[in-house]
Structure formats: C-alpha cells, structure tokens
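One structure coming up, written as structure tokens, with questions to follow.
Chain lettering (A, B, C, D and E) follows the sequence in which the chains are written, and residue indices restart at 1 in each chain.
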Amino acid sequence: MNLKDVLSPLYVWKRAFEKPYTIRTEKEPRPGADRYRGFHQNDTEKCIGCGSCAEICQNESIDMIPVSETKDGDSGLRPRIDYGRCCWCALCVDICPSSSLTMSNAYTWIEEGLDKDTRETFCFTPGVDEKPWDNDEKGYRRPDGYDLSLLERVEMEELSPAERVTSFIEMVKGFSKEQAKREADRCIECGICTATCPGHMDIPGYIRAIREDDIEKGIEILYKTNPLPGVCGRICTRRCEDVCSLSLRGEAVSIRWLKRYLTDSAEAGKYRDLLHDEVVSSGKKVAIVGTGPGGLSAAYYLLRMGHEVEIFEQNEAAGGMLRYGIPEYRLPYGSLDNDINFIIELGAKLHLNTKVGKDISFDKLYKEFDAIFTSVGLTDSYKIGIEGEELPGVTTGLTVLKAVTMGQDPKLGDHIVVIGGGNVAMDAARTARHLGVDVTVVYRRRLEDMPADSDEIKEAIEENVEFITQGIPLKIEEGANGKLNFIWGKAEMVDNGSGKRPSPVLIEGSREVMEVTKVIAAIGQGANYGWLEGETTKQVKLGKRNIEADRWGKTDDPKIYVGGDMFNKTADAISAIADGHRSARAIDSYLAGEEYPKDRF
Amino acid sequence: MIDKDKYKDVNPVEEEVKTLESPKNNWYVDEKTLANADLPEEEREWFSDARPQVVPPIRWTPMEKFLNWARAKSLWILAFGTGCGAIELRPLLTARYDISRFGMAPRPTPRQASVFMIGGYVSLKTLKRIVRSYEQMQGPKFVVAVCSCAINGGMYWDSYNTIKRIDNYIPVDVYVTGCMPRPEAVLSGFQKLQQLIMDGKAEGQNLYAEKFDWYKANQKKVIKDWNMPDYNW
Amino acid sequence: MIDKYPKIVDGKSVYDLDSQKYLKMWQGPQHPGVTGNMSLELIISGDQVVACNTHVGYLHRGFEKLMERRRYINCFPIVCRICVPEPDTNEYLFAAATEELLGITVPEKAQWLRTLDLELSRLASFLMWIGGQSGSFGSGTVAQWAIANRDFVLDLFEELSGARIYHMYMIPGGVRGNLPEGWIEHTEKVLNNTEKLLDEIYIVLFNNAVFKSRAVGMGVITPEMIDQYGIVGPNARASGAARDIRKDNPYLVYDHLDFKIETETAGDTYARTLVRWKEMHQSISLIRQILKLMPKLGPIYTKLPNVLHMKVPAGETYVKAESTRGEYGYYIVADGTEFPRKITVRGPSYSHGMALLEDLVVGGNIADTHGLMLSLHTYPPEIER
Amino acid sequence: MKTIYEDLNKRFTMSGYKQQRDDLAFVTVDKDQLVNAITYLKDYHKFTHLAFVTAVDWLEENEFQITYLLHNYELKVDLGLKVRLDRDNPTMDTIHHLWKQARVYQRELHEMFGIDFPGSPGVNDPMILESWEGPPPMRRDFDTKKYSEETYDHRERQHIEPEDHLRKQLYPED
Amino acid sequence: MGITTKILYAFLSLGVVMVWGLTLNGIVRKIFARVQGRIGPPVYQPFIDIKKSNAKRTGITHGIMFYLGPVFRIAGGVGTYMFIPVIFGSEIFSNFSISGDLLLVMYFIFFGQLGMALGAGEGGHPYSAVGVSRGLAQMTAFEVPFALSVISLAIQHGTLNITEIVAAQQGGILSWTLFTNPLAVTAAMISMLGMNMYNPFSIVIAPQEIPMGPPTEYQGSFLGLLATNRGIFAGAKLVLFMNLYFGGATSLPILMWKTFAIYMFSVFIGAAFPRFKTEDSIKFFLKIPTAIGLLALLIAYL
C-alpha cells in the first residue's frame, strides 16, 4: 500500500465540480432518437388491411379488426396492436406492402393497473384510435436500401415484337420451374386477390403449391373454382394482380403466369386422377346453351355434382369467344382444347353445329331438361353509326378474328383502320399486324382511357400499331382502287363536370382523311335474343344488354339460368367462369329442392 | 377505501371451493387461519398463521394525505431484477437518470422496500420468489410492472416457463409498456405511481388481502411444488 | 485451506448445519450483488465459503424451444433477448449462421457496419461490467460514472438502430439502415469522453489501495484450469492464453483492422479487470479505424427469399464470435423446412458461471463472491436462455 | 481437417464427414466409441476445448442426436462429433472427467431432453426447471404453445384473416 | 437550574442536534451524488424516509429482543449525546456533562452497537448474523486506536471531563488538540472513518455482500427508529470529536460548520475508495492507527 495508491483515488472529487450527467426530464421527457422504434402509426388511407403485419408478427400481437367499409383492394381491416405482446422489432413496418405502418418516436405509455382488467389496455388501432403520437414526424421508417418485400417480378421471357408479328406462335414463353418458384416466393399470402377474383380462386393456395413444388395440389386447387385454368392462365383479365398488395410499391405477383405454369407443368391426362371426390349420379338433366367459359364452367361443376349435361354449340368447335374472339398468339388452341377435352371427357354430351332456336327450339329444351343454363355471350357487334358504314370494306373485329380462327383469309389488304379501344379492337389490330398489315387504331378518348388491357396496348405499340387517339370517325367513303377513305376528326376532352370521365367533343372544322383498305369496327357488342323466343321464355325479362336475373343467375323462371357476358357487366372470361360455377351450385340446389347453396363447392 | 362488494363477481373462490377437493388444497377452508399443513411439524412453528389483513387508511384525511405524501416521496425499490427489465433499472438508478432525485432508492431487502418493480417476463421459478418477496414487503407496498411481457406475455407468449399476466398473481399498480421501456418511460411510471399514492389510490396491499384467496388459487395453479407457507407475512 | 472443513461424507459433500459451525446462506436471486437473476447457495464458516452451488433457471424462457416453432425471420427479434447486456453478438451470429445455411453473402458495407455495431456493443457491455465490478467492491462512484457513460453509447445505438437495448440491427441478409446523419461526429464525441473516463477510471480504480488489496490474488485462474473448465475470452487472456476469435478465426472485417490480443499473466481479478480495461481502449480504437476505413457507399442488404416462408436448406453449422465474455456461438440445425430444427446457443457464461464459479468461490471470503462472479463476467440469461 | 478425419476413421467407426467451412467439420461417430474418440482427439490432436454439448431431437426417426463441438487452439479448427441415440431409451456415456463444464451440459441435457448420463455428478438434480411436471420440454413432441395456453391466462385474440373477411363482405351469401 | 429544566433543555438540544444530524446526512448524500455525477436526493430526504418508515401499516417482529434492538441503539445514541456538552458556555446546550463523562460516552458508543447486535441476531437472518459479527469485529478494531487517542487526550489534559477538555482548547486555533496533540487526532479521525461506516469501512451494511447486514429484518417503525438514531448518533459523535479535537463550539453556527467539516472528512475518503474486507479492515485498524495512537499515548505520557 504505497502513498500513491492512497492518494490517487481522491481524484474522484474532480467530478464534484463538473456538470452532472443527469438529464433533467421532470418537465419534458427527452424525445426518442429520429429512428427510434416507438409506438405505431398507421396511415389508414394508405393501409389496405392486407394483414402482412399480423402474419410476420411472431408474438401474435397484431390483430386485424374491421374498422371501415370494404372497398376494392382494401379488406376493411386495420391492424390493432397489443403492447402487451409487441417487442418493437418493427418487422411489421419493414414488411408493410403499402408503407402505411410506421413507428413514431414516442415511448411512454403508462396505465394504472390496479383493479382493472388489462385485457383491453395497451391495445389500440393506430390511425383509428387517437393517440398523442399520431402526428409525430420522427420515428422508425423503413430505411433506404433495406426492404424485406420482394418488389420486382421475375422477368418473363417473351418473343421480341419483331419476332412475334411474323407468326401466331404464343408470344409469352412461360416460367421455368426455377423462375416460377422464385416468383411464387414473392407472394405474401394476404388473400386480397382471392376475394377480388370473380371466381374466388384460392390464389395464395396454388401459389404456395408452386413454391412447394406440388403441381398436383396446385391443379387440384385450381379446379376447385376454375375448370379452365389453362385458358385463364393466359388470357385472364387478372383483377387479382391489380389489387395485389405488392403492386402498391412494386410489381404485382404474376398470378396469371403462375397459373399458366401450373397447367403447363401438369400432364393433361392426369387431371382426372386429381379429382378425389366421388360423383353420385342425381339422374337430373341440364342443358347448357353455349360453350363459352360460362357454359363450360357450368358443365364441369354440374357434372361433378352428378347431373347429366348436354351442351349446345352453334359453331363447329367449342370454346365460344375463347376460340373465336381471342387470337392464337395469346391463347393457343392446344391449351384451350386441353381444358375443353377434359370437361367433355368427364361425360358432357356436346352438340356442335347446333344453334338453339334454329336447329333445336328452346321450348323443346325446356321440356326435355330439368334446368337450362344459357351463356351465349354478346354476339352482335355495335354499329359505328356513321355514313358509309354499309360499304363492303367495313367489317367488325369479331368477324376478322373468327375468320382467322377458322383458317380463312380475312382479306385485309395492306392498311386497315380499327375503330375502338377495347380488347377486341386490340386483338383485331394485332392479328392484322401478325398478318403483315399496317394498322391504325382510332380511339375517341385518350390512351389512358382505353378499356383494353394495358399490356395489350403496350404490346400493340411495340408491334408498331399506330394509334390515333381523340379521333372521332366521321364518314367512310369509297376511294380509288377499291380502297376506302376513312374520314375522321380530332376531338378535345371536355369535362362536363358531372364527375364522370371527360367526354370527347369534336373540334369544329377538324377533318382528316386516311386511305385504307378496310375499316374494322370494334366498339363493343350487344346481345342477340332471337333464339330465346318461345312459349316457355315469357317469364324471362330481357334487358338492353343483360338478361335480368338474381346474382345466382336465376331468371324469373327458376328453370332458366344465365351467365357469362350476357349476364354480368364485366364481360371477361373469369367472370363467366364464376357465373358458371355459381349458377351450377344454384341449379344443384334447385334440383335438390333447396333454397340456396350453403357452402362453397 | 376499498369497496368489498366490487370484487364479489371477480372473486372465484366460491367455485374454487367446489372444484378443488384434494386435501392438499384445503388451505381455503378456514377463513381465519392458514393451514401450513404440508410443512413438517417443527417448521410450521416458524411461520405465521395469519392471513394478510386489510389495513384501512387513517380516517383523518389531512394526516393520511401527509403520510401518503411521505410514502410517495420516499419510494424504496426492491432490488430484484426479475427479468430483462432490470437492465434499464441500472441506468435509472445511476447518474444519467438518477431516480434518487425523486426520493427513490434501491433497497436490497424486501422488508424495507416499498416498490416492487417487475422487470418483464416472469419465469415460474422467479414467480415463486416474487410471491415470497412481495409478501415479505411491508405495507403499503406497490408494484410497478414494466415491459410488455408482464402485461400479456410479450415475446414469450407461448413459452412454457413464463407466466403471462403478472396481475393474476400479485396486484399491480402501474404498468409501463415497452420492450425494453426506456428509463424515461420507467421513470414516468414511477412518477405516475407517486401521483397515485398521493391520491390514495394505490391500495394494492389491501387488494391483495381482500382477494387473497383468488391470488393464492392462481399462484398455486402454476407453482406446482408449493413448498412454502401460504403467506410469508 | 479447504482441508480445515471436512468435506466428504459417503462421497457427498455434507456440512452439518446443526453443528453451528456452518451457516447456509443464499445470495440471490433477490440480491443486489448478483448479476441478473441467479443465486448462489453458500455454506459459510465464519466469513469463509466452504461450499457453493449455483442455481440458475430464474430467467429460463425456453428460447431454444420457442425458436423451433418460429420462422427464421421471427427468430431474429428473439435472439437478441438471450443476452441482455450485449445483444448484438447474438444478432450477428444468428444472422451469420442463417446466411451460411442459405448460401448468401452480405454486402461489404453491411459487414463493416456489423463490425462497428459489435465493437460498440462490446464497449457498452464492458462499461456496464466495469461499473458492476467496481460496484461489487463498493465503489459506487466508478459504477455511476461507467453506467452513465454506457448510456451515451446506448444513445449512439438509439440513433443508429432505433432502440437502446435490443437493437435488432443485424438482420439476416445485412443490416437495417445506414449511418444516420451526424452520427460519426457524435460517435467521435462519445468515444473521446469514454476515453477520458477510462483514464480517470485507471487513476481511481487501478491505483486504488483498497481495490488492489482485494483484487490482487483473488480468484486466480491458473493456465491449467483454462482447458479443464473451457475458459475463454478475457478470463483466459488474463491467465496468459492469447486467444481471441477475432484473430484466430477472423470473421466480418476483423482481418482488415489493426489490433493485438491483450493479455495478462496473473490470472486474478485485478488482471481480468485490467485486460478488459485494455480491451475497452482497443474497442475505441477499432471503432475509429472502422469509421475511417468503411466504404462510404454501397448496398447494405442482400435480398432474402420471401421471409414469410423462407425455407432453409437442410444442414448444420456452428458460427462463433468473440463476445465480451469470450467465445459465443450459434449452432443451427436446419431440416429444410421454414422452421429451424434446433438452435443451440453456446454462451461463455455457461461454463464460467456454473462450473468455474462454483469452484473458484470456495475458500474465499463471502465478501468476494460477488466480486468474483463479476470478474468472470457472467450473464445469467445466457446460461439458461 | 481431412487428415484428422482419416486418422480417426482408422481407429473408430465414423461416417457422414462433412466439411462445412474451412475451419469447421462435422462427423458422426458410433455411440460406443464416442468417449474414446473424444479422449483420443483431446490427447493426440489437441482438441482441448469443449465448446458445447447439445442434443437435437429427430422425432421422425425416433432418435436423439448429441453434438459435441471440440476446438483445437493450435489449428484453430472446430470439429463437431455427432452421436445418434435411441430415443426411447436415451443413455449416453459421460465425459465429465475430461472437462469440468461437461457435467453442466449433461445436467441440462438430462433435464431438457431426458437423456441420461450415468455417473455424471449431479446429473439428476433439477437445474433450470423447478416443479416441472410433464415431459422434458425440449423434446419435439412437447408442444409449448398448447401447454402455455392451457396453463396460463391469455388475452383472447380477435384476429380476422383479411381473405375471409373480404370475401364475407363482398359476397355474403357464399 | 433545576433538574426538570435541565432535562427539558437536554431534550431540546437533542432535537436540535438530531435535526442537524439528519440534515448533515442529507447534505452528504447530495455531495456524494455530485461526486458520482448526478443530482441526488433533496436535503430533507432523510426526514421523509423516517416519516415514511413510521407510516408503514404493517410490521413483523421476531420476538422481544427484536424490539429491543433499535431501542438499545437509540438508547446508545441518546446516552452518548446526553453526556456531551454541546456548546461551550451555553446553558441550554450543556447537557449532563459531569466529571468522567468521557468514560460514560465511550461506554455508550459501545452500548448501542451491542444492543443492536442482540436484536439483529434475533431476526434470524443469516445476513444479520454475518453483519453483526462483522460489525462487532470492526468496532473492536477501531475502538483500539480511538481509545488510545482518548486516553492520550485525557493524559494530556489531565481530566476525563469533556467540558474541561473543551475549555482547555479555548484561546485560539493553535490551542486545539489538532495542533497540541496531532497524533491522537490522526488516530481518532481514522477510527472515526470506521465509526461512520462510510467506505472503505462500510462492511457492516455492505449491500453487495450481505444486504443491509444487521438491519436486514428491520422495517417500519423499527427502521424509523434506527434512522432517527442515525441523526442523533452522528450528531453526538461529531460533537464529541469537535469537542475533543477541534476546540468545541461557542455558538450554533460554529458548531454547524465544524461538525460539517469533520463529517466531510469521512465523506472525502468514502467517495473515493471501495470497501475493505472484514479482515483487511481489522488489520488496518490494528496496524497504523493503533501505532499512531500508541505513539500519541506515549508522547502524552512523556
């Protein structure tokens, strides 16, 4: 023990004359750091209630509870956080696909505990229940350069525009197993897509099956709600992808291509093995008019329910609009045949070239069958309503598409104009391009107003289809050399203030002339009820475009059901499939004498 | 003053009496005394037979107010780091946050301490010690539970060895949530407790005495080898 | 010295408590002198400890069980809770082991950031420890200074990662976030202060007659004991074993940094304290080096597969790092599912706090048990997990 | 590493050698030869440090796997020795005479997995758990969540799956 | 002055000294806090603590001796105080100073500790038992130099009456014992470190080793009593030291700052050092301070 050791500790007294370390927090607590992970904030406007936060929370501290009206792509649920469970790991913030969930830097929440059930305390729904930290600027946000979500799609290989215009080979190559698994891996299984899908396909379910490389399981899931997966995997309008949670910040999961991958990877002959449930014959007979997606879907499910099914088709092949309205480069006939053949194999009796109302009367059907499902679609193209429409060079999009399908030459010449901006217009235009014709599309509104699929428009542009937007057709005149003079005028968009989209108004005096070989009108189709006439159909109320029925497709005559484009307003394949499925269930319960179907198939 | 009728419906003792019939669990039969029946003869004498009693506050309000002020301004914390919450107790006690400014100080023995800080999750083994320590503290005594684990299980909601809600086992006055709550948050919790004491609301000790049977039933439900007296003063 | 007290009766250690010669005394779990929440069952005779039995399990949460039923990403918030005063080593090891099994590499910048985080956490943990060590001998002053200064380091963590204690900064794949603005300047300030504090602590503690009289010669670990008990880290280094995983099996960017293994030879509490004091200086120097050498730009995160259903290929690995207490390791067995088959955490406190402490305490003074426990730097939560 | 393994392989029945990293390898050893192998490694190959002993429950195969991880301070390499035990009657030889801390690991394994180590001091004493009734908790057939829900009070969860909710809202009849 | 008045005055001054002792305690806590880099509790904190302890609603006891522990302790404190003249020349603050009061005071300093030891032993807690044995061992050790110093002082002044010792130191700073017998003062001041139980001699309470030591089991009003005694005993001790070595006080302010300065000495050491082990502490007291004490005795004798 030397003297230095005794004296040097007294150095501590130096600190007595310095400022204390203590921070004074009596009046106002020290705020947390800028990145501090404090209590949650939720921008309820941005939140879509996908539940990923609840999914990733290992403590089950996040409950999704209903707070608002369910909107499209919004489940109406909002996360409620239980701070008796939370561990402030902020994984919920990191995973949030909409970036709505964040954390403030507030950290003090004190509750009296005595004599109070804590079951309800320390739980709150950020953004809904008011808290002092709701508007705090600082706090944890997902840092730059770090993101748990996989926002980029797996690149899908496509034929280049130059390659694809030369033939009708399917332009999208499809996923390899590796790619499909990677793409399937992106899904966060929120299920918003399932609800949005008109057919309520279990999308997360079959994506999971792909991820786990269980193709059979995937096919089984597909067939539960969609008997035409091969078709849908290619041409579905995929409203599911529009609402996909990932699409809020990045690219939606390629649900359509994944479905296609599933059907492509399975052998068509094996489908039958996947149907495990026994079919008990009911002895009832159902007639189905039309072999579009609605009719095929209804046929499949009715067969699975044990009913005898006969299908009537006016054309020489089944498929309806799928076959005659969609060009081959989008939907190869092979895929379509696969799906149709499977349904026929299950025991449906198919009458081709049999037009109801002509070859067989509707009354006869009504008497012979226990129920009738009709889904003939919209077949009559709308007229443009301008002078010169009756000229021989003027035709419709559907005519062209059908002719191409049937292997006939539509005789388009070298430059055509397509009027309209819908999918049929695009198909017609692109089909013409594939035949080597120069195409100009004239549309009344702007490019962004086009009802056609954005991919279609993009691809059409890539294939050098010329677009004239805000162009109003005025007149078609006969021109030189058997050509036509297509006269159109420029329009401007006028907002009429009614809250609707602005409408195009012709600019006074604007008049332009284009020399074309053919004019193709593709501005929409209407229904043709000619075949429906008869004694037994008096009760069925016909609307302008749709037949009136309840949401099960049941008309006022309980024996007659409708579906497909002639029933729903969305007019796409998946809606028709959903209609078929729904009506099949309704028919099933009608035949069994029950009121309405109770459970899902 | 604690209203006895208030707890009538939450007190499940009546049902307990019917359901628990094994001789091991007959401690509730006699209202007045605790039968430390499982203990050996000579050990039984070491332990008190008395149940905890409700000690009402003094009737003369100004005096009680003054005493409550003294209690609030001199809170001695039991230095028992029951969980990871204890790690923030240390900064709290030391220079940076210096809880002694508010008259609080750590106290190593439960006899002298008046606040029990439950620092987070409580494992079964610790719960036993917590119950003992809590009962050894002299009233009025207060419990501050910090961390989310003490509220509803927190991270360890599915663990087989931690209890989820400490208020099933001892009465809690103030909760502070966080994982970990920052020292400032814990400090605010203590200040809240001071406020409660001064308002005469922190009557956990009396609550424990009143709902004693309920608390005991809960404790014995999870502590399988109950090898200590029912009440440790 | 122990021979005074007859120990072996029928092959069991039995002390006749009725003889009035021995007293059974529990230290902990409710005891301010015991780190964390564990207890020592001591049999004393006078002031001397004749038998010791450590009791752990007060903090047992069944981590390894819980992790078996959580997805890998969900283990990430859990692992840091295993060792409360120094969670970052856990985070790093779990992330590194998972990455190894997944076969992904971490961007360079993230590696530097991880190293930085680990060294900061080493500094914080040591500051906490030196507070405890001096406090165990009753020197409240140094304890207060050190823990207050640790809090300044925690402020840095708060700015960097968003939390004081459980940083959850090193996620499998990289780190969560870059250095915030002004952070480097703030760090420099804190480091300067800490350096000054360490010098003050040297004057006050290491030149302290009372501290010397107690710490010198207390709880000597001889070089033979190192292998026998599996002693690692500063405890081994204080006994002359120059072993440091940062040098021996370099991980992250430690091979780019310039430092040497600090050793002492005495193996007593004083030497252990000194080794750790030197390592604190070393950490400060390492942090400065990292801040100087670290690339300014670059990615900090490698995309993992979707974490909600990430499957880790079957396999097993053991990843270790040098924590403040020595070799800390994670042994992960994956069976190809979304959940780990088994995650074993190898904490140095395990052997230090149980087998070694029980034997070192015997023969000493009861006043020294606490100091001894701290000088071994044991953290109970990592013993029982 | 490989040379050590080859040397070992000459003396003991070994299989499943896997070089995980340059400084880490795993190998499976016959149960009866494990103690000999470890002793040999410790004495002749300077694997003087026992990092940990742990067990893995392969419930499907009805086996326990015990992993001993040894470290060589001179070569700076880790070697994991794995042993497979019958799950119904798990008994393993003790190695507490080689390392003092081994008894603590064995005590924990006995408690958490129910693996017996005859001869290890204090192996039957409860270490971490107290008043535990039921199977050793780390075994995979013990469901901690179920146990926790049965034993302790929880708050009811009100969680609604967005998928179901949305469907119910949009198509109530379905 | 009648005995009644005297008792009245004695208790009045007791109150004053108690308040001053507790205030000093509070001030010292504040100073400690400053050294440790913090703000510290308010100066009046000891009073609240006592009030709080007395306001406890429940309490336990371990038998009759358990009651008597604090009573003995406070009796020791009051006894010590009663025979020390507080302010030289003041009627009110003269207490029961009699010839030979030095011996009585020495006895009372011991008395409290012994009583406490008995009571604490009754608590049955091992920490108490260890604490008691530590406390008694250390007390025995520091009493040696202190006693030597006091004897040296008695020889120097040729009296055992404190008042006379104080009187002998009046007349300038240089007539204080501090300067007339520096060795005795050194020995006594070192043993005061032990008496005040600040570091490095805080082995009795030693929170990190044997939490609280003897008073482990004491709570409520017992603890209040003990805390009160801390004020009285500290005051009495300081006044005694002031009287014996620092020339006593002639007025209250002088008393206040002198006692404060004496107290500060142990605080000065206490803030800087860790705690000794028991045997180190005993060895320490029996070495240097005892040697100094002996030397002082020798010088005084010569």
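Here is the rule we use: a residue touches a chain if its C-beta (ideal position, glycine included) is under 8 Å from a C-beta of that chain, and two chains touch if they have at least 3 such contacts.
Keep in mind it's a predicted model, so treat the numbers as computed, not measured.
J.: Please find the path from chain A to chain C through touching chains that uses the fewest steps, and give that number.
T.: The fewest touching-chain steps linking chain A to chain C number 1.
J.: For chain A and chain E, which third chains touch each of them?
T.: B, C
J.: List every chain that touches both chain B and chain E.
T.: A, C
J.: Which one of the chains is farthest from chain E, going by Cα centres?
T.: Of all the other chains, the one whose centre lies farthest from chain E is A.
J.: If every chain is reduced to the average of its C-alpha atoms, which one ends up farthest from chain C?
T.: Following the centroid criterion, the farthest chain would be A.
J.: Which chain has the mean of its C-alpha atoms lying nearest to the mean of all protein C-alpha atoms shown?
T.: C
J.: Could you give the separation in Å between the centres of chain C and chain E, each centre being the mean of its C-alpha atoms?
T.: So the centre of chain C lies 43 Å away from the centre of chain E.
J.: Round to the nearest whole Å and give the separation of the Cα centres of chain A and chain B.
T.: Chain centres of chain A and chain B, defined by C-alpha means, are spaced 58 Å apart.
J.: When the C-alpha atoms of chain A and chain D are each averaged to a single point, how far apart are the two points in Å?
T.: Centres of chain A and chain D (C-alpha means) sit 49 Å apart.
J.: Please tell me the distance, in whole Å, between the geometric centres of chain D and chain E computed from their C-alpha atoms.
T.: Measuring from centre to centre gives 60 Å for this pair.
J.: What are the residues of chain E that contact at least two other chains?
T.: Answer for chain E, listing residues that touch two or more other chains: 33, 35-39, 127, 207, 211, 271-273.
J.: Can you list every residue of chain C that touches 2 or more other chains, as numbers and ranges?
T.: 31-32, 57, 60, 62, 65-66, 69, 77-78, 141, 144-145, 148, 151, 166, 204, 208-210, 213
J.: Spell out, as numbers or ranges, the residues of chain D touching 2 or more other chains.
T.: Touching at least two other chains: 128-130, 137, 142, 144-145, 155.
J.: Kindly provide every pair of chains that touch.
T.: A-B, A-C, A-D, A-E, B-C, B-D, B-E, C-D, C-E
J.: Would you tell me which residues of chain D are touching chain B in their complex?
T.: Per the touch definition, chain D meets chain B at residues 128-133, 137, 142, 144-145, 147-149, 151-155.
J.: In the complex, go through chain C and note every residue touching chain B.
T.: Those residues of chain C that touch chain B are 29-32, 36-37, 57-62, 65-66, 69, 77-78, 81, 84-85, 128, 131, 143-145, 147-148, 150-151, 154, 164-166, 381.
J.: Touching residues of chain A toward chain D in the complex: what are they?
T.: Those residues of chain A that touch chain D are 49-51, 54, 60, 62-66, 70, 75-77, 80, 82, 84, 118-119, 190-192, 194-196, 200, 204, 551, 596, 600.
J.: Which part of chain C faces chain D closely enough to touch in the complex?
T.: Checking each residue of chain C against chain D gives 56-57, 60, 62, 64-66, 68-69, 100, 227-230, 232, 243, 248-249, 315-318, 320, 327, 329, 331, 333, 341-342, 344, 346, 350-351, 354-356, 359, 384.
J.: In the complex, go through chain A and note every residue touching chain B.
T.: Touch residues, chain A against chain B: 20-23, 25-26, 29-30, 32, 58-61, 82-88, 107-115, 118, 121-122.
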